[in-house]
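This is the structure I want to talk about, given as structure tokens.
Here the chain labels run A, B, C and D in written order, and each chain numbers its own residues starting at 1.
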Amino acid sequence: MNQFDLTTILPITILTVWACVLLLVDLFIPKTRKGITALLSALGLAATLGFTLSQIGMEDSGFNGMVALDGFSTFVNALLLVSGLLGVALAYGYVKRMGIERGEYYTLLLFSVVGMMLMAQATDLIVVFLALELLSIPLYVLAAFSRPKTDSEEAGLKYFLLGAFSSGFLVYGIALIFGATQSTNIFAIVESASTSTSNLLLTIGAALLLIGFGFKVAAVPFHMWTPDVYQGAPTAVTAFMSSGAKIAGFAALLRVFATAFPAIATDMTDVLWVLSAATMIVGNVVAIAQTDIKRLLAYSSIAHAGYILMVFVPYGNENVVATSVAAGLFYLVSYAFTNFGAWGVVIALEKKEGKGLALNDYAGLSKRHPALAAAMAVFMLSLIGLPPTIGLIGKIYLFRAVIDAGFVWLAIIGVLTSLVSAFYYLRVIVVMYMKDGEPTAEREPWLDMTTAVTALVTVIVSFVPQFLFAWASDAVLKLF
Amino acid sequence: MIPVDYYIILSAILFVIGVLGVLIRRNALIIFMSIELMLNAANLAIVAFGSVIKSFDGQIFVFFVIAVAAAEVAVGLALIVEIFKSKRSIDVDQMSSLKG
Amino acid sequence: MNLSLTLLTFSPLIGILVLLFMSGNNRNTMRWTALITSLVTFGVSILVFTMFNASNPDLQLVEKYNWITVAGWNIQYHLGVDGLSILLILLTTFLTPISILSTWTAVEERVKEYMIFFLLLEIGMNGVFLAQDLFLFYIFWEFTLVPMYFIIGIWGGPRRIYAAIKFFLYTMAGSILMLLAILWLGVNGGTFSLPELIAQGGIPSNIQWWLFLAFAAAFAIKVPMWPLHSWLPDAHVEAPTAGSVILAGVLLKLGTYGFVRFNLPLFPEAAVRAAPWIALLATIGIIYGAAVSYAQADIKKLVAYSSVSHLGFVMLGLFALNPEGIAGAILQMINHGISTGALFLLVGMIYEQTHTREFKVYGGLWKITPVFGTIFLIVALSSMGLPGLNGFVGEFTILLGAWGAGQNGVFYWGNVWFAAISALGVIMAAVYILYMFQKMFLGPQGEIVDEVKKHGHAIRDLNWREIVTVVPLLIFIFWIGLYPAPFFDIMAPAVDKLVAMMPLP
Amino acid sequence: MHLSETANTGFLFLAPWLVFFPVIGLLINGIFGGRLSERMVGAVASLASGAAFVVSLLLFVTVSGSHGEAMRWHLAEWIHIGELSLDWTFRVDSLSTTMMLVVSGVGTLIHIYAIGYMHEDVRFKSDPGRFRRFFVFLNLFIAAMMILVSGDSYLMLFVGWEGVGLCSFLLIGFWYEMDTLARPSWANSDAAKKAFIANRVGDFGFLIAGFLMFFAFGSFQFDAVFAKAHEVPHEMIIAITLFMLIGVAGKSAQIPLYVWLPDAMAGPTPVSALIHAATMVTAGVYLITRSAPLYSVVHEAQNIVALVGAITALFAATIAVGQYDIKKVLAYSTISQLGFMVAAVGMGAYVAGMFHLVTHAFFKALLFLSAGSVILGVERGHHHAAHAHASPLSQRERARARESKGKKKEERHDAHDDHASAEHHEAFDPGDMRNMGGLRKTMPVTFWLYMIGTIALAGLPPFAGFWSKDEILLDASHHSQTIYWLLTVAAFFTAFYMGRQIWMVFFGEARHEAAAHAEESPKVMTVPLMILAALSILGGALNLPFEGFHNLGHWLEYTIGEVEALGLDMQVAGVSTVLALIAILISWLLYGRNPMKQGQVDPLKKGLGPIFTGMENKWYVDELYHAIIVTPFNKISYFLADVIDWRFWHDWFHEKVIAGTYNWISFIGLNEYADQKGIDAIANGLGVWTQNFSATLRKVQNGFVRSYALSVLLGVVLILGYLVLK
């Protein structure tokens, strides 16, 4: 271990230390003023974000190739930190309102972010596993944070049991890969894989690995937990979980598969193709029947996982993999902002005792809270993929990559399912704008600000996406 | 010396038993134990593979897994305790209020 | 640096910004703001028109700036106008103030949002007509959906939500396939710039065919071509008056314009191959639309179905692939915009008083509302294609072009039958238009007159605002009917250039 | 323009004013008419039409001065695109000036007549405000008709062609809220619609002819087309001319499209006279004459045209015999006479056709206007009679009420105040000949005018009708015996039904109070009639069948080429005259000797039985068309609209199939099925399959978490299975 090793994980280190300190500091913060903890954690996230951004352009590898610092990780880390910030901002008022304001909330959130960031940097399967658990365990707790509310506890337990179950597969997959390639380092794996002749063990291992990640990103058929957990967990947690865990899961999936398993790409492509298509179809189709906004967004989240999965399909094709991955990264950004915004609106309307979450509770929102309704409309349009939102740009980027790689039918499934998705997203708009009702919404400054910022980003970036495009494509440049 | 395949087969059997345990048992604790079984099956495989290539990597990894599993146990048990407090039951089939 | 087209496209934005910061109570100020904004936009379009050189067949006033040129993208902010689009631009900017004027008293609720959506819609429509980059075009194209969706959904009739969603999903269903085709072109051509892609050409003919279909799917739904018209009656019937006007006047033209602008020059071989099929659908649409119109009990529905028939003519003309047909079709787009727009306006004016669109309660209105009746008659006749009014010029040139195309083998097996059968549409147009006019204005006094009286006010003739709203349309009805030469002159060079690209059999 | 460049253009520059004057007139009346008095409105309209007549005269002078050479005045471009180039060009030659003179001349007279007629008509129907509208439409008609006759291309002709169709629609439906008996009804507007649609059917033929022509000749311009008449394939010209015949049949009311004309009598009488007798309906004849160079090269087409005309002539004449309505008789007579003209031009006897067109315009206008005078007279009598029955008390009351109602009411004719009373209009039809009789005494001027018209129509020498009809018959006798005899028989019927009419209307005793109290019409109406009567008598002088008197023939020669001038054939003339006299004699025997009594059945009915019923019911052609065209069209429309488009396509396909499948899938996709039960079902299936675990797995009913885990496992199995087995 040398100073370079530390540089590679500098932001992670800072955030970890900060989280530990915060855990202690929190003890001295009175119960009624846990907002301070929130502010402190936000401060930590912001500072880390600063360090992360300062690392743009740096390329390094540390701890004997266990972690890497590159454009990709920086990009993902920055996105994760922003997600963390947004998560804190959303939670600030929410936890107070729901009577679950406890300091651990923020600490757990920070630890989870740490896990996610580590995931983006991991180049060794051991670290991947560690990071996965590090991000998951706090989320299990957060999901059950509304205890003694049964829904929340149930969500926590379900998430936990199924999460552990899927990490069982992950670990076993790693074991098989280790057996097949005699290494857990992804660079060593790729070398070993290219020389060996029989890949069955490796293939099975990789498939099991895929299942582990698939669970995290909620790909069909590993998605079953998603709606229940999203519904049961406190909404602020759901918001963070649906973006952060997805980003991290995809980041690891991208790095591991693109780096370690190009040799078995032909086999995996079919699997990924089907996974992606199934995820898009199931997610969107099932979402139609939802009347609970949280479940609706949960299925929407599944569906979007399907879209992102499309970029993995051509991962073995050297010519297009860079574009694909860049497209995936951009889509993650667009999804993160849109998603946080949408959850923000949900939080604004949520009442205690789980009220205010039915779709019909949004009736007449445009009259009572035009700005909130407008923001939600923007998010819905973005999720559909319509101008003038970042969602459209993201989708176009994705589809371009898919078409570029020659998977036209997958693209067709993609666009058709987004047509299906238009139906339920539009229903939200219909209810807000075209039905009468007397909804009440909480207007907390931080919440409003979050919603406003995400809405603005969603719209404005759609006009000037080139900077993000450039960053995303630079980020993946050195990955291969 | 026992060929590595035997270990792998054993670990696979253990793993399947674990999986089936998760699927079949309704007691949260036992499900949890089955998951541990799955992890340990993986550990067995790793150690076996590690011994084949005469590397400590595998054993180190196993330590990590054990540690993580311990952490999971802590969280998991806490969750189960909480559930038990409110439901007076740890039958996972009774935890089905979230659906649809 | 010439920014006139940008100015044209985005000038409604000023009004939107002003409206955004207005308080919710002074509705008249909002209406005036929107009206003035749209008039300013119209002024800008006139300015653009004066800068436009009609004898030049190429794109003019081109603005081309790099927009997204990173990460393998090559997207430009590329606007331009030529003879194919200038008239449609003018139509858009011309109809928008009229539509705004027509909602002066019809929309009393949420005026601010209404006006904002309307101006947004204008931006979208202008953008579609001006964009020369496929990507930019697609963005504007999809964008027009959003405000229209709200306009129908919020201010529409009783089944507005159903209609709005149907409109949205239908249109989107087509356009997403187009998106894939656009991406394919962009990926394989290395650029999204339409002129460059056209210049490159060389798309293998089987791929051309699929791309053509993908584009056609988007446009055909928008047009709407038979049998994809099912959304139209719903949207028209439920939309508020101004929505119907813009929908019929401009939004449907987006589809036909798309065919001219993209399908023909980008995929000439496929276009030639598709010509008989499209002509077949168009012909069916003409006859079917006319027949179905006649059997409607709802005035707006009748007009809506008549659009199916009229746009059948446009499609027939476009795929005649000769100057007469295409120029006639473009002129017919304008005509349909004016005539059908005016019909919807007029229907809206009477609806505002009677709150019903059922034919059976009307009758004998001409006696009570002579001015309204006369104007309605003129508009109806124009829609029917009476020579001397605008509709005839378009329909006649289209039919002539289609006949010529049939004789020259463009329609293959269809020969002149398409034109001949479509000409039957002329008779059928008379049937439904006269039916409409008769049921509303002729015959004994309908029960609605007394019905309205019961509510304390008699049916009145048009007031000055309403007359001011329609008279500009009437002027164009006569102008195009009697002296269409300037209109043809504007489009002729561009049309000739387009026709020259077609590998005709 | 090339023609006019060489010639002295004279007053040619006035050509567009043929159209502009009436348009100015209609604009003045349309926009400011509300503030003008009735007299002013009438004066403006008549002046506008008169100005057009003056222009026609000047153009006539110009054309005469240039020896009949065709001159063209280019006004503006119209449609120039691709190969198509159309202009607004006026063509002034001997044929078009003839038509202009007829149209504007007769038109102006009818305008003047209408001032008087409409003054009363609008009061009988209690809507004085509509006076102005009438003249606006009338001026519009003159304008459209001028475009028709002065157009230099088929397309410009078509503009006028459709324009007059529109005017016809507007004027037939002038009293759109009532039927011919002024009861609230859709009848008049239906008649108007029918006329327009029938015309449109014809226009369809015209359009097709136009397309064929354009691609055969490359132009719509007359000269350009005619120049190539010998180059273009014969079959093509046959097709063009026959499609054109459909147009002619529509406009000139020939079989099979004549059905609209009788209904068109719903319009005010001046309209019937001007549009549906004198001018518009002759447009078809004009069209064929104008297209003479085309028809001349295809004898097959000519024969068909002639045959259509001749059959129409006879067919309509038979129907006219069975009509009771004074205007309906004239309407069928018009169809019949148009048949004569069409037959004539079909045979290539263009001069004869045009000659008959002109004389027919005179005497048929005269007859219609006189009929209008009769109807108004009877109506006046009816009101008079109704008044006489009213009690003196109510009269006084009414007078008081009138005073209080102010000036506007004051203007009304005394007799019409009680118009609204229901019994007043319940059953009385002032146009029904069965209600007339003996009008000779009460309306002497009208009687004599009517007599002149009748004699001219019946074709007795030396009235105008004789000469023109005789010329047609003579041509027919040279051309084809079939056509000759068809026309001769038609001429016989013509004389018969006109005789019947005269006896029924003017002789005998009044069969109704109204007829007994009928009053003569004012001067403003009778004076134009006198002028027309004079023309009906002397019109034959235009083209007498004597050497040196073929004025019209020579005049038209400039345009349509050399036409053989025929002398007077005593045999043909004799036969037709004798037949006409016999017909009148028979009609006297039937109707004159024993005048019909009130409520008496038509004496002819006894003799002819079902044949007369057929005539009376117009041979059931309307019913036939209704059954084979209108009803099926309505049914198909409703079927398409309701069943196919709405219920099948809109509701069933879109709602049930697309949306339904969508919902069904989402329902299946709903956790209830796929996510829970679906997985369970698979789990149960697995349970059966794997006996070892079946017992346990069957107990897995609602183990949700475990279902989810199973789903994960399912994914694992599928993926691994695929990868291993691949």
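What we mean here is this: a residue touches a chain if its C-beta (ideal position, glycine included) is under 8 Å from a C-beta of that chain, and two chains touch if they have at least 3 such contacts.
Here the structure is a predicted model, which means the values were calculated and not measured.
Common neighbours of subunit A and subunit B under the contact rule above are D. Of all chains present, the one whose mean CA position sits nearest the global mean of protein CA atoms is C. Mean C-alpha position of subunit A lies 75 Å from that of subunit D. The centroid of the Cα atoms in subunit B and the matching centroid in subunit C are 65 Å apart. Here the spacing of subunit A and subunit C, counted between their Cα centres, is 43 Å.
The geometric centre of subunit B is 94 Å away from that of subunit D, both derived from CA atoms.
Touching of two or more other chains is recorded for residues 19, 22, 31, 92, 95-96, 99-100 of subunit B. With touch defined as above, residues shared between interfaces to two or more other chains in subunit A number as follows: 157-158, 161, 165, 169, 227-228, 423. Taken pair by pair, the chains that touch are A-B, A-C, A-D, B-D, C-D. Subunit B meets subunit D in the complex at residues 19-20, 22-24, 26, 31, 92-93, 95-96, 99-100.
Subunit C meets subunit D in the complex at residues 166, 227, 230, 233-234, 288, 291-296, 305, 322-324, 327-328, 363-364, 366-367, 370, 381, 386-388, 392-393, 396-397, 399-401, 403-404, 407, 416, 419-420, 423-424, 426-427, 430-431, 434-435, 438, 441-445, 482-485, 488-489, 492, 495. Against subunit C, in their complex, subunit A makes its touches with residues 323, 326, 366-367, 370, 381, 384, 386-388, 392, 396, 399-400, 403-404, 408, 411-412, 415-416, 418-419, 422-423, 426-427, 429-430, 433-435, 465-466, 469-470, 472-473. In the complex of the two chains, the subunit B residues touching subunit A come out as 4, 8, 11, 15, 18-19, 22, 28, 31-32, 35, 38-39, 41-43, 45-46, 48-50, 52-53, 55, 57-58, 60-61, 64-65, 68, 71-72, 75-76, 78-80, 82-83, 85-87, 92, 95-100. Interface residues of subunit A facing subunit D in the complex, by the touch rule stated above, are 157-158, 161-162, 165-166, 169, 200, 203-204, 207-208, 210-211, 214-215, 220-222, 224-225, 227-228, 267, 270-271, 282, 285-289, 420, 423.
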